[in-house]
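All chains are identified by letter, namely A, B and C, in their written order; residue positions are counted from 1 within each chain.
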């Protein structure tokens, strides 16, 4: 297990002159399961994207350190796996091709092939691995997103609406993966689902932020 | 090293994806056929000067490039895969991957255009083939180098279709004028050294464009 | 801007206009208040006092728009974008003025309003770049994105501008003084061997127009800041 720390310091996001949130400060450490809640439009997804380094904050800073080394923001892509409704797979490729593309573009070695097989099996889409993603149901797509996020065994797994579009079996698998992630690194998820929130060690609510400049 | 691997993967992905979906290729080939036929019909029985024919050649290349090169980024944005890509690799890998894909596309396209132009339009006679093909090559590289960053800009705008030629034309004009001039030299049967200054301008344009793009791409990609 | 500077600029430019248009042109000038007749240009030479400074401020405005674009990208401070777009807006107006004054001069000196000489072509390209810049801005709704992308565009366009200096003279014959083929080719103004008193009025005009530009620019920036604040309050 690695020592890691993801911190946000007085982060604000202004979108088209409107402030989405202000003064967000939080810290996530290894072994932690960190939940972000807030009503619709409170900026859960936006905050998650900022933490992942795919959207830059209007104010404030983000800092990620792994084993004491500070990672240059926003180049967090080797350390983060994200599952989000805003994220899509390449529809003209099969599930397997998508995952192999991810493996190669991340520069992972051939051991990863075993892991891809394992993940596909685990999430119950192994039989459909040769099917083009455009023919997938939304639940299958959601499962594939989990596989894609976990290919490189990220120290930080970030989930936006972790159980949306999933059936009971899918939810069970996700719960398992969430527990596993806590031992492997850190888990961050954004949700309003009460069942999901039971998995959180710490809950951060975007509704209870102080308004100020 | 990592940069090379991941930009190569993006290039590969683009090519395979293009062959599966045929988003750009079929339409582009038809576009070329249509525009060259229009040039042919408008010439009729006239025999226009080599200057004019060199100009029309580059008009055909410019507009085919404009209709094909923005596709790479627009497709990522439309299908919602740009976030996926941002999570997988660095901005510079994406830039180089897309640049090389655009390069492959425009090179194939302009070779096809130049070849069929030479074949179909009898009045267009090239005397110095070395100058001609080097101009086509450098002109294509220049088009790709300027279009890649512009395509990334356009993918984020609301009206994508018409914007590309509007933004690209003033930037590409020095390139186009130089390429037209070099093509004219090729039809006049000039010696290679006579076109040397044209090539220098084209090469420095490419270098300046790619350097500026590398420095600016981060801001466009992760806004 | 200080009040004395505003009044000073107004008086200064009035002086420039009066002198530029009013000083009679004679064959053998004597004293400050007589311009020499330049053969081939005659009374039309007066335009240099207005046309060249406007063209010069057009370029200043463009460079400033690009500079504040770079500053915006570095700091993400939206105020820099306001400055950039204000400068570009004024630059566009000045660019049109430079084109019109130039075209009129061209009509009476070279026979037609437009001749595609290198400098005419360059100002046309500059006009296209400005226009494309504003088309791009109007195609993006979100404020920060608009600022970022238009800054990037102005820089990309800016780095291609120097190419015209090399490319244009090779493509077309120059008519402007200082063009290639002009034996003492040095630049449009220096080479003209202007009479000293005319040069003084010319330089005064150059200074006057530059200060006028900065005056208009600061007005524009301030009004845009207020506009933005009002919009923010009403939302």
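One rule holds for everything that comes next: contacts are C-beta pairs under 8 Å (C-beta built on N, C-alpha and C of every residue); 3 or more make two chains touch, one makes a residue touch a chain.
Computed from a prediction, not measured in an experiment: that's the story for all the values here.
Under the contact definition stated at the top, the chains bordering both subunit A and subunit B are C. Of all chains present, the one whose mean CA position sits nearest the global mean of protein CA atoms is B. Looking at A-C alongside B-C, one finds more C-beta pairs in contact between the chains of B-C. Chain centres were defined as the mean of their Cα atoms; on that basis the chain farthest from subunit B turns out to be A.
Averaged Cα coordinates give subunit A a centre that lies 37 Å from the centre of subunit B. Subunit C has its Cα centroid 52 Å from the Cα centroid of subunit A.
Taking the mean of the C-alpha atoms as each chain's centre, subunit B and subunit C sit 33 Å apart. For subunit C, the set of residues touching two or more other chains reads 141, 144.
In subunit B, the residues that reach two or more other chains under the touch definition are 223. Residues of subunit A found to touch two or more other chains are 56.
Across the complex, subunit B is touched by residues 49, 52-56, 74-75, 77, 80, 82, 84, 86-93, 101-102, 104-107, 148 of subunit A. By the touch rule above, subunit C contacts subunit B in their complex via residues 73, 125, 128-129, 131-132, 135-136, 139-141, 144-145, 148-149, 151-153, 155-157, 159-160, 163-164, 166-168, 170-171. For subunit A in complex with subunit C, the residues that touch the partner chain are 14-18, 56, 58. Partner subunit A is touched in their complex by these residues of subunit B: 2, 5-6, 9-10, 13, 16-17, 20-21, 79-81, 83-84, 86-90, 93, 222-223. Residues 146, 149-150, 153, 156-159, 163, 166-167, 169-171, 173-175, 177-178, 181, 197, 201, 204-205, 208-209, 212-213, 216, 219-220, 223 of subunit B are the ones that touch subunit C when the two sit in their complex.
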